[in-house]
């Protein structure tokens, strides 16, 4: 796994002082599994991530190919592509998000029940990709909704999508239900309704959701 | 009879159900993380910069910063910044080298036009596709250090193409040396004809003006 | 201005209908089968006005995948637009490339060597197999078969995609053809692989038809649904299998005889009723004809260069002028209209999208049918949003 | 008679036959548990024990069924199905359950909150009610009712109300359309469902389940069991019952209310999290109950198919037959596309109901001529088969009308 | 086979004495010449093209909008100037600058499915690019023009008279500009892109005050870059016109290669 994906060294969880890691391994060797409720819930959630049946463009065809016989996303428990956002917990943004489609995508994201995750699949969903210079193309979906895993490629192979899904399952499994980096849906400030942009005269109003999108500033070294 | 078509359909699905237990044709699943598909040799994902040897990848980049690939790239995801000074390249000639060579993999559409138009065989297509990350700005913007990979790696992923490229480069270097020897020995006799630059004239026409400095 | 009396007026106009409150029939229900809908093949929206389950009015709404293909085409060089054509109709990248290459070759008067012409025919017919198999799978998915026919179709598609990947480097975005030939030569192993796939594709089709064509439920759901008359089809500019299903004999491979199609004998299937079942069957029969073409073209592939030696990759500046090149894509006539002013970028770069024009008669076909039929009729029209919205 | 004797000494240790230890095991359990409590409470404890047993066992079967369905559909579609959660994917239902439990439960602001909450509860309650009368084994009959069949279909018929409640309460256009479709479909298939087993009541002479199973006891010609499915009119009634059962439990060719491709998720569009899991569970319980009913009426309930196999306990036979029927349901789901709403109702009213009525006549003829023997037996069989096939072909031609594969011309 | 374009033009002129039909040659090797029809009788001429027995152009394959902005044409004409001092008249080159008025053009490619013969290309030109932008619609003649004419209206701003349902087809309804025109200025939504070029870099930098300090963390070692010489589009000064539409003076097309 690339280093960026490995979870940063977890600082001790609140209940860690009761049983140390070595003791847990020792118990496990004797066949006694010691775990926390949070781990079981996270394991259950990560093994049954139901994506929304939602495809935008060419990456959607690769997403469908990933759910077909040869790559079979069913092995990971996610072949149930739920058509209604109410029953889905993963939004795979697969394809170019145009400005005419952006309000719909944000509205779909708002309609999904809470422990929801988002995969930006393909160059267009990450940053507008090859169509970046178009006037009707949103420069990446992370301007309006928070994204958990970015899968670059145009289109990424079905295996790359499965790799991304494994990354997401890893993230869900190591989610914290308390402490500083608590899971996004449990954060106190987390509002479940993200601002839906309106259609303006020349562009979307607002062009990006400030709560979600903080673009790192450009540093120009003037000397070179 | 009314139900005959339905029964035929059931027969086909039953054949597939039973077949999936013994006939490999009927169970075509590749269990991804454990079994990985053998990628065909021509497969391309994101570009990488070829360097002569693995010991000092930054020092022996083939790229001379001619910015042809930056102009030709349709989504414009390559950013090059030339150096002010020069350093000797593989054939010993003094060449400019790129100080900054960024490829934004969140914009690149892996169309390999940069490989086609590069006169120096400096940029080739890589086969790594497992690069899903959590943060977009630092992990997906590959800079010169992450892009440079040795020629041996190029031989690993594209064997036949790498062999062709090496043969052609070898032939040119030999031709360049003979010309240098010929130019060096009978100095006064013949004015050095403006031989084609030491570049690999892959496409027959002359490289873009202003790109490579005249010898 | 003398108002011309239209022979085929469009059934309704305006985006919405004023709500009709009829005590006996009750209200008309306006449903938006919107950009996010399980079976609109992408981000296509239909504003449907229902009286109970029958459709009173259906207005398609486009533009949700308008990626400014033509504006980008004007700001990029001729070669730079070639990878963008893969993303037009993202199921058939080889035929898009060929249409664009044909138009630019016509614009610049660029000859193409023999071997490249044969390779183009082989790859176009493989793409036609790909597209028609996917269509049958998606059509069955819309009628409700829970993915089984689609899985069998994609099982065969994966084999053909492996061929494209080993030849051009990418499964779906091949970017394979250049102005004056092809980019990579086909190795003998590749040709052997193509031969085996063509040979046992016929067996797969027989099994596929056994599962679907005789199925009573399929016949009941599609026969007589979304019928289209030949005259309306011609006037509405319908092309491809959808036109031949109404009985009009117009196949560009026979009419224009572009490339080397005149050297192969193949037949053009024609339907009589023009309904959804005919559109499905015409595509199945066209797949059998494509197999026949492949079996003639693969052994007859001549040796020789795959790229015209004088063709230029960079600095390609066609003389000022314009050209319209078109080929018979799997979805219909896909054409490129280019106006050049001598600079390396085209002055005007226009794509003639078969899917968008074929959707002109969607409302005529759906009026009076139920909402379940509208889904299948849209499936049988076979649209891809990358091409509809460009 | 041939096979029965030679095997029994071999299996005496297991106590084959009606009074073997395994056979009386459920009674033994019930008596020991009820014995602990004082006498007046024992009836109450006995019934709560059977309720707990039913919910636990069939809850487990539901979980297993979701996995079996995904794996079998996968195998039909050339892929292995879920196999990474736990060994061979066995923990997949648990993972789905945990995720559904911990999901946020969204109720749309404009929805009718009470009905939106009550719909899944009502649907699950009605489908569990129907389990009260199904005889799972010789001593495993939760409730001995004289009119058990009547009770079963009365409880089963109420699920239409719950589905319409769900569709109406969500105040969503698609779920409203789905609710209308659900009403039309379920009501029009109630009739063939009931008509198809009236001949059995006529021949068995009783409405109670155990009575019907006793009527199917014994063997003909030594090894063919006297189940109703092995009579021509019984087979026709079984086919009609299965088609109607598919429609009642909204399964594949008839899953119009929850039509993914047209109405997003039908009446379930606005349900998320645990309520959606309840709907899912109710649908599977309905399917299990209807196949349990089909087993009792046509496949001889918990009776063993061959005399010498009597030593296997009766509830094992019920389980085996249930598994076969459920796999058949899944197989149908993997193959057929969906019917349109008007074709669906036309199939019910113009094809299944007339066939079921004609079947009444055939069964009457069959019961009146039961006295014939020798050569007349063949005539009897031939006539009954003719009375079954004839209307089927005539009505079939009327139904399929002009739908025939077409031939095409080439230019 | 099909008669030549000149014969078609002559028959059209004969049939419609009042109308004007001019033949426009195509200099390229494709040699697909076209006919420019006058706007007043265009619809009637189209009907004739469709119903004429030996033409029968019953299939309108492609409708394209083209934008020809005002162009400065510099003509050098040889003028003999009498020498004021009575000397021999000198021949001097005079450069006269002429502004060729811009116009919007709609190109129709017509084919015949009945007789299976090739394209007859018909062009309709508007008065100018601002107010006279109405053109007769061909949708009553060929139904296939319905969506394509709506697209030309949406992206170029050409109004089609008696088109059954003239609405925007690709952009959202509240959109006011016509994006495919040569003088369209894209909305400025490039806040931060890792490898911007030329004008995109200027636009992106305008969003950040010069004192932007925080260097992007971790991997990107090499500091970022000053605007490169490779200007992709030569940035022309942005002139704010009265209609609130930012119009550039004469945007040079983005150079693919030098």
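Here the chain labels run A, B, C, D and E in written order, and each chain numbers its own residues starting at 1.
We take it that a residue touches a chain if its C-beta (ideal position, glycine included) is under 8 Å from a C-beta of that chain, and two chains touch if they have at least 3 such contacts.
Just so you know, these numbers come straight off a predicted model, no measurement behind them.
Q: Among the chains here, which has the CA centroid at the largest distance from subunit C's centroid?
A: Max centre-to-centre separation from subunit C belongs to D.
Q: Could you compare the number of C-beta pairs in contact for C-E with that for A-D and name the larger?
A: More contacting C-beta pairs are found at C-E.
Q: Could you find the chain whose CA centre sits the greatest distance from that of subunit B?
A: Centroid comparison gives D as the farthest chain from subunit B.
Q: By Cα centroids, which chain is closest to the centre of the whole protein?
A: Looking at where each chain's C-alpha mean falls, the closest to the middle is C.
Q: In whole angstrom, what separates the CA-based centres of subunit A and subunit B?
A: Here subunit A and subunit B have centroids separated by 31 Å.
Q: Can you give the whole-Å distance between the Cα centres of subunit C and subunit D?
A: Using C-alpha averages as centres, the distance is 45 Å.
Q: On a C-alpha centroid basis, what's the spacing between subunit B and subunit D, in Å?
A: Computed from C-alpha means, the inter-chain centre distance equals 61 Å.
Q: Mark out which residues of subunit C touch at least two other chains, giving numbers and ranges.
A: 38, 63, 66, 68, 71-72, 75-77, 79-80, 83-84, 87, 148, 151-152, 155, 158, 173, 211, 214-219, 314-315, 389
Q: Which positions in subunit A touch two or more other chains at once?
A: 53, 68-70, 72, 75, 83, 100, 127, 130-133, 135-136, 154, 157, 216, 224
Q: So which bits of subunit E are touching at least two other chains?
A: Each of 170-172, 179, 193, 216, 224-226, 255-257 in subunit E touches at least two other chains.
Q: List the residues on subunit E that touch subunit A in their complex, please.
A: Going through subunit E, the ones touching subunit A are 170-177, 179, 184, 186-187, 189-193, 200, 204-205, 208, 212-216, 223-226.
Q: Can you tell me which positions in subunit D touch subunit B when the two form their complex?
A: Where subunit D meets subunit B, its residues are 72, 75-80, 331-332, 334-336, 392-393, 396-397, 399-400.
Q: For a test of understanding, state which residues of subunit C touch subunit B in their complex under the given definition.
A: Listed in rising order, the residues are 72, 76-77, 79-84, 86-87, 148, 152, 155, 158, 162, 165-170, 173, 175, 183-184, 207, 210-212, 214-219, 309, 312-315.
Q: Give every residue of subunit E touching subunit C within the complex, in rising order.
A: Listed in rising order, the residues of subunit E that touch subunit C are 26-30, 32, 40-41, 43-44, 46-47, 58-62, 64, 66-67, 107, 109, 113, 116, 119, 121, 136, 139-148, 151, 155, 161-162, 164-165, 167-172, 179-180, 233, 253-257.
Q: Along subunit D, where are the residues that touch subunit A in the complex?
A: Touching subunit A from subunit D are residues 70, 74, 77-85, 89, 91-92, 94-99, 102-106, 260, 264-265, 268-273, 276.
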